[in-house]
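Got a structure for you, questions after.
Labels run A, B, C and D following the written order; every chain starts at residue 1.
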Amino acid sequence: MIVLLKLIQGIGAGALSISIGLLFVGIGRKITARIHRRYGPPFVQNFIDLFKLLSKKSISHGFTFDLGLIAGFSALLAAVVFLPMGQINIFPHNSSLIMILYLMTMAYLGMAMGVSSSGNPNATVGIARALTLTMGYEVPFAAVIFSVYLFAHTGSLTNIVAAQSGGFMNWNLVKLPFGFVAAEIALQGMLGEAPFDMAIAPAEIASGPMVEMGGKYLGFGMLQHSIGLFLETGIMVDLFLGGGSNVWIFVIKQFELYFLALLVNAIFPRFKIEDGVSFMWKVPLLLGIVQALIVVL
Amino acid sequence: MSIFNNAALLIAVPLLFAFSIPLFGFVSKQLTKWVALFTIGFNATFSLYILLAHKYPTVVVMGNWVPPFGENLYIGPVAAFLVSVISLIGLLIAIYNLWAIKLGDVTRFSVLFLMFIAGASGMVLTGDIFNLFIFMEITGVSSYALVAYGPRRRALGGAFKFLVVSSIGSTLYLLGVMLIYTQLGTLNIAEIAARINQTTPGLLTFAGILLISGLAVEAELFPFNGWVPDTYTGAVNGISAALSGVGAIAGVYALFRIVMTVLGRDGTYVFTYGKLDLMTVVAILATATVIIGELSALVQKNVKKMLAYSSMAQMGLVAAGFSIGSKLGVYGGIFQLVNHSIAKSMLFLIVGVLVGSGLGERIEDFKGLWRRSPFLSLAFTIGAFSMLGFPLFAGFWSKFAIVGASIQRGGWYDFVIGLILFASVVEAFYYLRIVTYIFSSTSIKEPKIRVNLSPAIPIFILAVVIVAIGIYPNFIGSFSMQSAGEFTHKMTGYVLNVIPTIAAH
Amino acid sequence: MMQEFLQNWIYFIASLSLVGVGLYIVLTKENIFRIIVGLNIIESGTNLFMVAIAWHPNAVMPIYTATNHLMVNGKVVTADPLPQSLVLTAIVIGLGTTALALAIGIKIFEKYGTLDVRKIKEAEK
Amino acid sequence: MNTNLIWLVAMPLIGSAVTAVVVRYKFLDRLITFLTFATTLFVLFLAHVGQSYSWTLKFLGTTLNLTLNVSHLSIFMLYISIAFGTVLAFYSLIDNSRMKGFLLLLVLAANNWIFMSNDMIGFFFAWELMGWASVVSVLGGREKEKSRHAALYYAMMSVAGSYSMLFGIFILWRLTGTFSISANIAYLSSIIGGHPWWVLGIVSLFFMTFMIKSGIFPFHTWVPLAYAYSPDAFTPFLSAAMSKYGVYGMLLFLPLGLLEKGFPTAFGVPWTNYIFLWFGVITAVVGTVLSIFQDDVKKLFAYSSLSNLGYVVAAIALFTPVGITAGIYHAFNHLLFEGALFITLLAVISRSGTSKLSEMGGLWKKMPITFFTFFVGIASAAGIPPFNGFGSKWLVYQAMIKQHLIFATILLFLASTGAFMYLFKAFHSIFLGQLSHDYERVKEVPIVGQIVEAFLMIAMIFFGVQPGYILKPIGAIVKSMGLKPLPVMANGYVAGMFSNVYMPLIGWSLVVSFIFGFILFYVSAEHKNVSQTDNYTAGQIPEDWGLTPETYQFSWNFYQPVEKLFVPFFRIKIDGFFRGIGDWTKATGSAIKEIFVGNAQMYAFFAIVGLIIFVIAGWMA
């Protein structure tokens, strides 16, 4: 019986993350358009695109191409299940932060496998850039995570959220300001937003990994991006903004973070890959280490 | 005692046949080599009979002049053990010579070879220091001539150097003997050992130094071993094997018989003017030999020269083992001495066979030997690993014992063994360099090396013996332990067996 | 014991200086035959030393005859016979070694065409 | 006095003797090797903790008894190394690289003896035996000159290591008079309070040997050479099982009770362990960074195995309950996934004939089973949850964080993300991308290979989802070391210090979401497969540009942009230090050689000078 309940909750969480993700991207496109002083597509545009893509015939590069893209989508779906979202917390005792992060890498591994088996060098160069960038932002993010670990003496997101209950004052955002700023920059890298979107750079490598995706594969890519977006902002909310008492507050807080990222995305040009990584290892890492020192001493 | 079990035969028979070989020579040149083979065979069986049937300790009196007055041969555990090793290795080398010595003057070669074996056995058996000098000279003369036997010019240069340095060494030894004789009036080792306290310290130390420097030439210790590289490279491989196998045993035995039994006082040794005892001086020389030997072997390009330096270094290691003075140290020393002569003579024989079948002497020529003759490369690896002291091979136990004894003695000996361990890492490098050359086969197809029977037998037997000792060390270990007892406990071990009535004073 | 030994110090000095001369020749000369001669001088030096050890002042020859009494009222007057016999063997051994050295010297001359030790070394390098 | 223990050592020795005889016939040689491994594994089942066996050896003047006893640690290490060895031996039936069975069996005999020995002589005997047996096997590599150099370099390191251990053994023998390991360690921990420097000196002698064997930071330079150029069938055993000997040795010497003696501590860890921990961390980082830029696949995985060893050493250096558990658990995981990766590499190299990443590509079409095992292997090496690598990496972070070692953990995290980079690079360059024409005829490995690969894949998933089976014996080991073991509630449960993970749950959620993915995939419109060069290239066809699959495959200079970042890092060369020592010894050697100048006068002169020095030394000293 419990299993059935958990299954339904899981499906609900999955559907929620997909729809919220697509919604955010739609609104995001409208906001970026407004910044560029044009109207931009309706905010439900992404849902329309998704249905169009899923119904179009497309070409594939063999079994690993399909398996890879499906894995990319479903691994993220599995990771969402463990994320405490406001009062929906499907597996409260099993939401270790590092476990979720490593589960997300499963998704990126799947997508990378699919994309690079397509044989198009642009795709593999894109993946190589994405992995280098991961090494870039993981280091400051690790500094932040471990300072939060030590600060809250716990590794599971549920307890971190519980530790921040109560008013705005005891959010981690207030207690660990440097950590939040470092994590914010790292989030920029995770989402692949402006200064760090060299992985899907349309000009240099024909939008990198997505070069061979068409039809339902592009649909899967879009789904993966939206769930990833939901997950990463969700983690940031749980870590620093107290996780929200119910789901809708949780979603609003996520949108705040995404909105911040969008603003930066609309303005900044792209880093070269090695400058991006060295930037990540200078400013955010320094902040993270400062934060860690404060927590440790 | 019946004529047959008189140990003097060990010396008499080889000499008898040595000088009667020219008669056989008239019949046929090859026969002389077989005669030499059979005499050494007799020597080997007789000494093994003494060793295994535990016929020692016996004193063989010459012309029934009772020991302190007449000359005597003393067959203790050391003498029995070393004589059997000498004659066994001599036998194997003689078998090798059947194939190797074809050109040149075969009869005179066999005469010299027999004299060499007789001299070496005499050195080990004799109980009289002047006799020791005579046998040293016999071994010396025969080995100069044997070295000069080699076809190449280098042999003559090597022989001449060996001759000059050894004759200076033996004159020093003779002076030392005379100095001892003037004070104690006797030449018998046992009596000198017992009455060593009656000598005046100044003269005794000077005599001791002279004796040691004289014998150090034969035992290849540092300042006196200049002749080693040129002589070993100049000589024919069979002779280098004999020199490094048999000559080294006799040389080291003589040196430590004098230092430990004659000049020793059960654990303490003659002090040079009351400060530095002779044993420490020998220890310093031994460590210097090891280091210099290993380092100069490292940069050698020619395999024979490398093996020469390596045998010099191993003699240093053996001397270091002896110079520790404890029973364990002497045990390690003797065991290493025997292991070294087995392994080193095998290595020289292998090089002999390879050179014989047209392979160059440079290290690079060993490339891909595995393809051309698996038997020789396997034997070479077994010999090299035993020299390095890898487990499952004979050298492991003896090197283990020497390191143990020297650390057990402690004090500055830790530093000594530290240097020796560094030197053996260097040794590991140049041996493994050759082993890796052997097994990394090259693409160029070279003909297979055919090893005919006569050299194959000694190499095979020596390789099997090395692995057998490596797996079950107690067979040789027990003999070396008894002989260690004879060296360290001077009075009970040696003197009282020879002259029961004498009381040490 | 020491002062009896030093009584005939003049002979020891002489014989050891002979050994010194021999050593000097062996160490400095380049010609092989000169070296062999040097070796011989060392040999004879040691033999003299051995004989000198056997003798003490106003010693009598050690052969027992009616007139020659070895022991005079309990004190040994004869020279010690043993080192003299040792000298015999030492001389024979010296002979052997010199003969071999000369043979090798001749062979070296045949092969190298020179007797100069330094030139042999260069030829060998 | 259970005699079955002696059979654990004797069986491989007999097997090796038999295989030595039939070394000519490769299949027979491999068959007997496999049978010996199998019987040793069977004999191992009879051994259990607490058994002991000793026999006397009259040597060194006294009767010494060589004892074997089985502790929790040794039974654990024996099981994993012999089990992996059997799998490898089974695979080697179809392999044709130049590995000699009898050498592998010698190493196995030494392996069993090392893990069970309780006396220093036996330990040293087995250590040196394993040393030279592995050196000779490394010699059989494919590239002749390189494997010769690699074997020589490895030989020098292991000889230097064993001599330093020999020195340590006899110093201990002089102090305690016995050779038994447990007695000596007890003695060391008893006098540690009195004069710590003396004890640290002895222990560092032993630790140098163990660091060399496991390839830890200052002594890691031989690892890539030895792994890359040893025969392909021997590399898995060399990298998976043999690197654990150093770890086993360290675990023997770690419980010195430094904490109780009030030893000065840094971050709650004795300062000696702290320094040693940093050696581990540096190895992890160095391993990862150097591995990213390798083009030879075996060198790439050699560095990866090096960096995983760094993890293990960093964890056990903490000497806290969770640290030791994490270290041993990661050692096991490393053995499993590194072994699986090297065996699949063995398959790929034997089929494609090259070990250069830039020359391979697109092999997944031809070797599906190998492809899947390799995929599971790199997933678990990167530490992705459902597979076995995650549990131990996660525990290592928990252990480090518990001691507030933030910087060390950040570096380890960098090492793990770097791991993902080089693992994907290898995965892509071998299996994905363009399949070149001359690999058209490549076939999958024979059925035996597929069975082994499938078995390893299932093992990785099983131990990933059910880590309890491994954590229970490790708990026993930790308890035997006098620490409180971690609670293991259920088989699937990994309890960390900060949070805990129920592994099967992750597995189930992945399965469910995969089902959703497939449903969505088949619901949407159908797709048509196209050839590998039919790509989005702005209208032209790659062939028009004269592109062949090889040139169109992107695998050369995979992380070239990152290389600029690490250029300052490459300038410091560790093996320059060892080469320096080598050149110095050679220089002194040739200087000393001048002494033997070659003419009789000089030698006679030396003799006389020696004599004079003798006399003066006697007089003056």
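The working rule: a contact is a pair of C-beta atoms (placed from the backbone, for glycine too) under 8 Å apart; a residue touches a chain by one contact, two chains touch by 3 or more.
Because the structure is a prediction, the values reported are computed rather than measured.
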* To do: Go through B-C and A-D and name the pair with more C-beta contacts between its chains.
  => A-D
* Innermost chain, taking as reference the mean of every protein Cα atom displayed -> D
* Taking each chain's centre as the mean position of its Cα atoms, how many Å separate subunit B from subunit C? -> 28
* Structure fact -> For the pair subunit A and subunit D, the C-alpha centroid-to-centroid distance in angstrom is 36
* Chain centre separation (subunit A, subunit C; CA means) in Å -> 101
* Asked: Rounded to the nearest whole Å, what is the centre-to-centre distance of subunit C and subunit D, using the mean of the C-alpha atoms as each centre?
  -> 69
* In subunit A, which residues are in touch with two or more of the other chains? -> none
* **subunit C, residues touching no fewer than two other chains** => 23, 26, 35, 120-121, 124
* Overlap residues in subunit D, where contacts from two or more other chains coincide -> 598-600, 604, 608
* Pairs of chains in contact (touch as defined earlier), listed by label -> A-D, B-C, B-D, C-D
* Interfacial residue positions of subunit C with respect to subunit D in the complex -> 23, 26-28, 30, 35, 117-118, 120-121, 124-125
* **Touching residues (chain side subunit D, partner subunit C) in the complex** => 597-601, 604-605, 608
* In the complex of these two chains, what residues of subunit C are touching subunit B? -> 1-2, 5, 19, 23, 26, 32, 35, 39, 42-43, 46, 49-50, 53, 82-83, 86, 89-90, 93, 96-97, 100-101, 103-105, 107-108, 111-112, 120-121, 123-124
* subunit D contact footprint on subunit A (complex, rising order) -> 7, 10, 14, 54-62, 64, 66, 70-71, 73-75, 77-78, 81-82, 91, 93-99, 102-103, 105-106, 109, 112-113, 116-121, 124-125, 127-129, 131-132, 134-135, 138-139, 142-143, 146-147, 149-150, 153-156, 159, 206, 211-212, 215-217, 219-220, 272-274, 277-278, 289, 292, 296
* Structure fact -> Touching subunit C in the complex, subunit B uses residues 130, 134, 137, 140-141, 144-145, 148, 153-154, 156-157, 159-160, 163-164, 167-168, 171, 174-175, 178, 181-183, 187, 200, 203
